[in-house]
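We call the chains A, B, C and D, going by the order they appear; numbering starts again at 1 in every chain.
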Amino acid sequence: MINVVGIVLFTLLGATALALVRVRNLFAVVMLAGVYSLLSAGLFTVMDAVDVAFTEAAVGAGISTVLFLGALALVGHREARPGHRPILPLVVVAVTGATLVYGTMDLPGFGDPANPVHHHVADHYLEESSREIGIPNVVTSVLASYRGYDTMGETTVVFAAAVGVMLLLAGRRRTPAPEPDEAPAGAADR
Amino acid sequence: MRDDFIVRVGARIVTPFIVTFALYVHFHGDFGPGGGFQAGVILAAAFALLALVYGLEAVQRVLPPWFARACAALGVLIFAGVGVVTMLLGHNYLGYNALAHDPKHGQHYGILLVEFGVLVTVFGVMTMVFYLFAGRAGRDE
Amino acid sequence: MLGLSLALPVAGAVSIALLRRSPNAREAASLLTAGALFAIVLRIYASVSGGGRPSLALAEPIPGISVTLEAEPLGVLFALVASFLWIVTTMYSIGYMRGNRESNQTRYYLFFAFAIASAMGVAFAGNLFTLFVFYELLSLTTFPLVTHAGTAKARRAGRVYLGILLTTSIAFLLLAIVWTYAVAGTLDFRQGGILAGEVAGAAVPVLLGLYVFGIGKAAVMPLHRWLPAAMVAPTPVSALLHAVAVVKAGVFAVLKVTVYVFGIDFLAEAGASAWLTWVAAATIILGSLVALTKDNLKARLAYSTVSQLSYVVLGAMLASTLGVGGGGAHIVTHAFGKITLFFCAGAIYVAAHKTEVSQMRGLGRTMPVTMAAFLIGALSVVGVPPLAGSVSKWYLLGATLDSGQIALAAVLVVSTLLNVAYLLPIPILAFLSKPEGETAGGGPQGGTVLNEAPAWCLIALSFVALGCIALIFWADRAFQLLQPIAAAAGG
Amino acid sequence: MSDHLPVLQVLAPLLAAPVCALLRSARAAGALAVLASWATLAVALALLGEVRAVGVVSYAIGDWVPPIGIEYRVDMVNAWVLVIVGTIASVVSPYMIASVSSEVERRRIPLFYAAYLLCLTGLLGIAVTGDVFNVFVFLEISSLSAYALIAMGTGRRALTAAFRYLVMGSVGATFIVIGIGLLYVMTGSLNMADLAVLLPEVWDSRTVKVAYGFLGVGCCLKLALFPLHLWLPNAYAFAPSAVTAFLASTATKVAVYMLLRFFLTIFGAPFSFGTMALDRVLLPLALVAIASMSMVAVLQVDVKRLLAYSSVAQIGYVVLGLSLASVTGLTATLLHLFNHALMKGALFMAMGCVVYRIGSAHIDAMAGLGRRMPWTMAAFLVGGLSLVGVPLTVGFVSKWYLILGAIERGWWPVAVVVLLASLLALVYVWRVVETAYMRPYEGDGRAVEAPPGLLLPTWVLAAASIYFGVFAKSTVATAEQAARVLMSGVGS
């Protein structure tokens, strides 16, 4: 049963990804991206990674879509046709994909209890978490305590992103005077 | 959208629930899926919804941009600050056991505090970024 | 002492920079430093000729490889020549630079002093690395001098100058040094060399070739182009390049590498230098032939230098006591001969603004002192006894015969004839033919006005001309000084 | 507090960054940035001292014993990298105060410092950690802030350059995280030392080899190894001067460190040079990078771009040292990380002085600056000579070990390529030097000596690139020890 759901979700995911690449209307792209996130969230749920699914849904399908729409309001709805044929990127993507597939062939089977991921440190987390930390959700105890420092790093990543956006957008007011964008671009850049 | 009665009322009704849900997600993180990150996003989404419906100015009167910016920075400081406190208490960085006599309590406080830091930052950042995009769009058109 | 020999010119340079507002004080400082430096080098000479080997470690940039100064006979000889000729060249410069109203005189004296400091470093280098460091510094500090004029032509010449010197030194010399270090584990100059037993077979001639061509300052063909190009420089700079420091540093480095890195015995055994003797021989002949075709006096002298330098290289490559001694002596004698010629060329330019050989008819009447000095210098370079040049040439000739290389001896003889052909016509033209513009049949015009160069120039050039004569008494001394190094090597 | 040195290393800039973002005053933010940078250097030096004294320093964050928790683990290698980053940060940050005021809008300056501090945090975090996922987290911090910093350059092209860097950088980061993920799947561990123990058991699996490839490509994108360098020239050319100087001297260096860590500590030299033939893969790339990028640099008319291409070529030297697969080669690599940071920092900062005064880095604009801005151009000359590898400069020292390493392996052509490329360096440096010193000044009198706030930091690096060229004993000794640690696998 789970396999069937998984296969359906994956198929939809693939179709959405292809559509994302093909569609030129950015509005549709944003919507499709939201769909993509939602589908991934579904997949994560199927894989029993509810925390990840939750985050994906909230961020990927939720706030990102709003922000994308905000950006669309600035840049318009249609993507300009790329000036060149994307042969090289296609080759790169194909090679990368093939390599990944090749690499996964030696992967331990999904959900196999003998996997290294389920032992080593994971054993410790599962067995000792309630004693050492005392909260039922092991995911939280890993994220906030065992590997809390990573979470702090991620918080800083989010903050860094905000600093970047603020630097770029804050206060760069457009003057009604003739745009210096096109005309002396070269001269201004020197 | 501002003039649409149904949307206005709808938003008004939904918002408290969203905020409550966010808080639930935050505090329930110890037991089920969720935590500061998701809560921050949901909280920010509440304000985004309000801004879409009632206009940016109205929301910014309640939640000024400088406040969002301050939140973004303060959250990081809260998180990192917890680590500094544990260090000052003689433990290693982020060694929550230092926060209380009973290690379990210490861990609990620590997790609560740092998750709060995450919430504050994520909420501040998301709101701030939304403000910036929305604000610019408003100016351009 | 050794440290002082480096510090003094640098201090001189600093005081020159500080005194830039007052030309007189600046030049006085320059002269004073030069004099003091010579005194110091004399004391080092005294200590070395007494068998001492003073040394001084300055720094150790890379573990196992240090910047170390050490005085040994060959180096002292070079230092003596360079520091003595610095005094004379400074005197000459004062006359020349003022007489020509050159701009940027402070920069000129400043870098001149730096160049001398570098030359001292080359002379007293205690190991290959130190030699390399100061060799490169010498290239860099002489660059502003070569391009002194600042014109497009000077810039081009500067590019050739620095281009060839740095290219060869980085591409060949540095490679050779690293190679040496990789096989020998040291870069120290040692009596008898450090490479014996460490390399063998075809690697030896290749490595030696890297050294000889890597030391571009020795101007072995086909890497000689920088020397004629650098002729755009003011004449005292040419003197510095040709006689005092630069090319001499080159051939000196070749000698040092031969003696202290390979060791004469090792080289002779390996027969690694045979092919290079022929390169040197070719340079000797070709340089002279090209000199014959040049009408521009300085260009002719430049090619003469190219040819003469290879005498020293030839001496080194013969890998015998006599060869090395003769090469060392030739550094000294050629320095005096060539500096005389250059001083004269400069004096002619300052006083009469003539640069071409064909313009010098009858110049002996208006500039008798200069042309007399030129004659002496020319004879010395040709090697006419009893002038200084004859001594070193004699040793070199002996060395070729000693090693049974009749053909090489023939090269030296032919070259001497060529020297005569391209040098002697100039004084002959100056003294025996009539000045331009004078009608062939016209009698003596009574008052031929003397038109000599500024006094400073005259003093300097007479001084070195006399040196060419006096040196005959000293040349043997130089050879004696060099005996121990070659002798200890068992040659 | 000395027990906490490893974490303090990151904490100083990390705490200062949000504070900067809260501040309104540009001056206060600048002062804080400088203080944090200096604190960074102080901690880095203390750490280096401690590593020298006691060997590996390990710090368990959150009191969780590794591999349960995240470990900070400092040995000779990263202590060295931390000192490099700290040195550059503490020199560039005062320079930033003087230069940024002319390039960035005043209201944005506190945020600018926040971004700078975040970038510093990220770089230090990558270098200090002993946990592979933590590497990725801090890589993100440094990358995001670096994109923003580059976009702050004047002119629209800074934006496109930053965007391009963002795309390529994100691809690189994704590759790295895929690699990390695969390693985790195969071993169940994220701790580097732990991984080094666990990996030999699964060396034969395709997954590990693919992980190796992904990590390698990801790192090479970040360190701009030819032909993955395309983002770099424009990013360096259009970023604000201080940012260019900072990133050119630190970001690629840390990426190289990351590569060394992944390949030599986690996978180990036997696997890298044996099974994966890393040396044979990297050698041609390094040689082509050195030769072709030096040639491209010769053709540039914008001096900042020229220096940027030269940086790509210099990265070739660094990678070449690695591909020599010997202690000598790695010594050269590690030395060059430091030495190149010094000289390229000095060069970019000197160019920053020029841009500050005349608003252009075009080579024709340099005419006559040798007289108009003597100190600036003298610093450029020093840095340039070092780039060429003239003896008694730092450039010579690293080149020496590189050539020695090549000869030790009997790779003569490699030695020759290195030497010939130095000549190309001579050509492109000398073009600028000659223009500055030999051509007359033609400008409108704006070109006067740069203010001391810019000049002093520039000269600190210029002087350092001579000092450590003359007294290279300590740097060589440190680099050599670090190289031994790398060759022997996990430091002990």
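Quick note on the criterion: a contact is a pair of C-beta atoms (placed from the backbone, for glycine too) under 8 Å apart; a residue touches a chain by one contact, two chains touch by 3 or more.
Nothing here was measured: the structure is a model prediction, and the numbers come from that model.
Peer 1: Among the chains, which one keeps its Cα centre farthest from the Cα centre of chain B?
Peer 2: C
Peer 1: Counting C-beta pairs in contact, does A-D beat C-D or the other way around?
Peer 2: More contacting C-beta pairs are found at A-D.
Peer 1: Centroid from C-alpha atoms only, then distance chain A to chain D, rounded to Å. What do you get?
Peer 2: About 28 Å, centre to centre.
Peer 1: With centres defined as the mean C-alpha position, give me the chain C-chain D separation in Å.
Peer 2: Whole-Å distance between the two chain centres: 45.
Peer 1: Measure off the straight-line distance from the CA centroid of chain B to the CA centroid of chain C, and report it in whole Å.
Peer 2: Chain centroid spacing, chain B to chain C, equals 80 Å.
Peer 1: Could you grab the centroid distance between chain A and chain B? Build each centroid from C-alpha atoms only and quote it in angstrom.
Peer 2: Roughly 20 Å separates the two chain centres.
Peer 1: Which chain B residues sit where two or more other chains touch them?
Peer 2: 69, 72-73, 76, 80, 83, 93-94, 96
Peer 1: Provide the list of chain C residues touching at least two other chains, using ranges where the numbers run on.
Peer 2: Correct list: empty.
Peer 1: Please set out, as single numbers or ranges, the residues of chain A touching at least two other chains.
Peer 2: Correct list: 145, 148-149, 154, 156, 159, 161, 166, 170.
Peer 1: Touch graph across the chains, line, ring, star, complete or other?
Peer 2: Graph shape, chains as nodes and touching pairs as edges: none of the named types, so other.
Peer 1: Flag every residue of chain D that touches chain B in the complex, lowest number first.
Peer 2: Chain D reaches chain B through residues 4, 7, 11, 14-15, 17-19, 21-22, 59-63, 114.
Peer 1: Could you list, by residue number, the parts of chain A that touch chain D in their complex?
Peer 2: Per the touch definition, chain A meets chain D at residues 99-100, 102-108, 115-122, 124-125, 145-150, 153-154, 156-157, 159-161, 163-164, 166-168, 170-171, 181, 185, 188-190.
Peer 1: Would you pull the chain D residues touching chain A in the complex into a rising list?
Peer 2: Residue list for chain D touching chain A: 14, 17-18, 21, 61-62, 64, 67-70, 105, 107-108, 111-112, 114-115, 118, 121-122, 125, 133-134, 137-138, 140-141, 144-145, 147-148, 151-152, 154-157, 178, 182, 184-190, 198, 205-211, 213-214, 238, 302, 359-362.
Peer 1: Across the complex, what residues on chain A touch chain B?
Peer 2: 50-51, 53-55, 58-59, 62-63, 66-67, 70-71, 73-74, 132-137, 139-141, 143-145, 148-149, 151-152, 154-156, 158-159, 161-162, 165-166, 169-170, 173-174
Peer 1: For the complex, give me every residue of chain C touching chain D.
Peer 2: 59-63, 65, 67, 129, 132-133, 136, 140, 144, 147, 150, 154-155, 158-159, 162-163, 166-167, 170-171, 174-175, 178-179, 181-182
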